[in-house]
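Take a look at the structures listed below.
Two complexes come next, and they have one chain in common, chain A, joined by chain B in the first and chain C in the second.
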Partner chain A sequence: MAIFSVYVVNKAGGLIYQYDNYVPRAEAEKTFSYPLDLVLKIHDEKVVVSFGQRDGIRGTVSCQQVNVKAYKMYIVITGNMSWLELKCCIVYVLYLLLTLCTHTSINLVGHALLSINGVDVNGKFTADGKEIIEYLKDSTNYPVSIRFGRARLSSNEKLMLASMFHSLFAIGSQLSPEVGSSGIEMLETDMFKLHCFQTLTGIKFIVLADPRQSGIDALLRKIYEIYSDFALKNPFYSLEMPIRCELFDQNLKGALEIAEKAANFGPGS
Partner chain B sequence: MTVHNLYIFDRNGSCLHYGEWNRKKQAGISKEEEFKLMYGMLFSIRSFCSKMSPLDMKDGFLTFQTSKYKLHYYETATGIKIIMNTDLGVPNAKDILHQIYSTVSMGLYVEYIVKNPLCVLGEQLSSDLFSTRLDLYIRALPFFSPRAA
Partner chain C sequence: MSRQSNRTTDSKKMNAELFTLTYGALVTQLCKDYENDEEVNKQLDKMGYNIGVRLIEDFLARSSVGRCQDFRETADVIAKVAFKMYLGITPSVTNWSPAGDEFSLILESNPLVDFVELPDNHSSLVYSNLLCGVLRGALEMVQMAVEVKFSQDTLRGDNVTEIRMKFIKRMEENLPAGDEVHSRICVPC
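Up next is the complex of A and B:
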């Protein structure tokens, strides 16, 4: 149960704030020999798999949280535990550790090439400046270890997506079969739920969360409160401009933590 | 609890069928333009969801809701899209839309093609049988009431 990210869009549709709280990464690293059995193409300045899938490719879903939280397992060992009980305990602990890294076979099509031989790539060039497609056509460079995964969104792409949502919000209201409908308040897919709260002044607060996460409505109101306290009351902040206020960031992170724990927002928080 | 309207689009974006039951507000544009706008909006929403999604999606976009209505979306592997607008009380219409596709739509769709070799794919389905069967099916749904709540 997690909150993935927060976006704030001004009334013209421009993105003024973006924060990624929790980004699950599904990546697969595999060693390839010449010739490469995947077809790569360049899409949006990135090298992307357009055709091909390796059987038995195993990838680990690794979760990188901005605030790293350690998985704590409390093992209570009583003084009277017999040797058999202790062994069962250890086996159970190992099982828990293994299930933390889930192994799934991942379809590679659409995934971007993230790193070659452990070194992150730079767009369509390697870190040294060589073109990736040419590099992979040369048989002397093999065997090579390549990591594929979902491409991270660049800030330009986030800007475009926020503006796209701003328009879709308005069209949702126009196509309504009922009178007096608002725009899109909640959009659901199988992987995430997007919640949107539009204020009376036209600012939209957008939260992407896990579909099972509850309490997002209260969180959206809370983010509005934090915006009005730490962004609007900041004398150096100009309206409709990108928000660069430290206290806004800090309080937003605090509010997200509280929402994830499913606690209530107190009067002073 | 009620169903407002239903659209069926094909792979190229042409509207194959449109049914209305309880619609209170028209879009203010002609029906043709409305179909194009609806298709365009859904195309954009699908592309938006695939980019925003933190992990690879299996089913993709399912529904969205506003303060007054909820839109349910179902797409088949051949690109046929079924869209149903209902009020907010309806929980998850994916199975219902699948039923519409497999029993009502596909059952009659296949019959329509097989028994009419001259009909053109990609044009509005003008079969009366299809429209009446679909209408009866929607009216028989548990959450449909003739007078909107």
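Up next is the complex of A and C:
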């Protein structure tokens, strides 16, 4: 039972805080000799495996095309769409949302190259600044030990996904057949549940957790308290800005630990 | 001073007199700096506003009060829950205007002004103006624009302290999604 991550989104839809508590990673590290039997390509400033599956390292199909379409559909959303078009948009965008949590069972997404010979890579360059694809074409660099795994979301991607969720949250209340419905409170997949709590002032606290994890409502209220204490009562923190408060981090980690152990938040904790 | 997270709802007891002294030091320093009562009143209101926008989240987090349906409910919550929680007093809500958009909070005692007397050269100073700013800032964060002022003050010779609150408008453009029936879909760029 685990809590994967916490996101805090401000009134305007901007991500002001993000914390990854537990990131389940499927990784494989292997030693390769020349020539490399995997086909690599650059995608989104990362080196990913485009073709070839061996020993747990997965290749991709054209899910990137689906992602691009979803981005384009998203930009086209206006107020005058028919319900059918709107629902199609939502399906595409929800697909994208699944990448919010790094633990997903979509087999299509290719593994990214994470490190060479134990040193983490920097996008499409090695730590020394050489281009990875060129480096791996040179037989003198072999044998080489490469680690592949699910690529972590960059902070820009997280920012984008958070503002997308902010809009979806609003759409959620629009779609409601009843008047005065709230926005999206829970999003459930087979691998994780996303819980969202919006305060009366418009701040959203989002927690991604294991589907079997209970007590997330209490955790969301607790995170609200921690925010009102350690972020707001810090006079040097400006409202709506990214939260960079040590005490907030520490207390949030403590609250997540308590929630994972399924203990109750006592009056003094 | 760093705080450990052992905070009960009772709160660490702090000497109320230290609070009164702190507020008094603040006001006298402002008077020395600005030398003009109106300016000091404005500054106190601004400071109160900054406190209010932060205090509202603490209030909502701890009191689990939902959204108020009308101004009367708001008045009750302010008087019976908020003032009790933060200042330990419960003012009474009176003098409703016929349209129901203005009311008065009558404070029997005001913790900010224990031991305080206003000298003659500061006759237009509204000593507790911070409270007006706090109320204004807090309500603005829950999308209510109000005007708050002191209409009676024991420091100026009246019998009671009276805060007059007037509802200006509901700020629809800032309403969070799901709280308003006719909100528009917002599209981030």
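As a working rule, the second predicted complex is superposed on the first by the 214 of 269 C-alpha atoms of A that agree within 3 Å, B and C clash if a C-alpha of one lies under 4 Å from a C-alpha of the other, contacts with A are read in each partner's own complex, and residues count from 1 in each chain.
We take it that contacts are C-beta pairs under 8 Å (C-beta built on N, C-alpha and C of every residue); 3 or more make two chains touch, one makes a residue touch a chain.
Since the model is a prediction, treat every value here as computed from it, not as a measurement.
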| item | value |
| --- | --- |
| Which superposed partner A:Ser181 touches (first chain B, second chain C, both, neither) | both |
| Touching partner for A:Pro24 - first (chain B), second (chain C), both, neither | first |
| Chain B versus chain C as contact partner of A:Ser139, first or second or both or neither | neither |
| Which of chain B and chain C A:Gly13 touches, first, second, both or neither | second |
| Touching partner for A:Ser33 - first (chain B), second (chain C), both, neither | neither |
| First (chain B), second (chain C), both or neither touched by A:Ser154 | neither |
| First, second, both or neither for A:Ser50, with chain B first and chain C second | neither |
| First, second, both or neither for A:Phe165, with chain B first and chain C second | first |
| First, second, both or neither for A:Gly110, with chain B first and chain C second | first |
| Doubly contacted chain A residues - partners chain C and chain B | 164, 167, 171-174, 179-183 |
| Chain A - residues contacting chain B, complex | 4, 23-24, 26, 61, 106-107, 110, 150, 153, 157, 161, 164-165, 167-168, 171-192, 194, 208 |
| Chain A partner contacts - residues on chain C that touch it in the complex | 2-3, 5-9, 53-54, 56-58, 60-62, 64, 66-67, 141-142, 174-179, 181, 183-188 |
| Complex contacts: residues of chain A adjacent to chain C | 11-13, 77-79, 163-164, 166-167, 169-174, 179-183, 198-203, 221, 224-225, 227-229, 232-233, 239, 247, 251, 254, 267-269 |
| In the complex, chain B residues that touch chain A | 4-5, 22-25, 27-28, 34, 37-38, 41, 44-45, 48-49, 51-69, 71, 85, 87 |
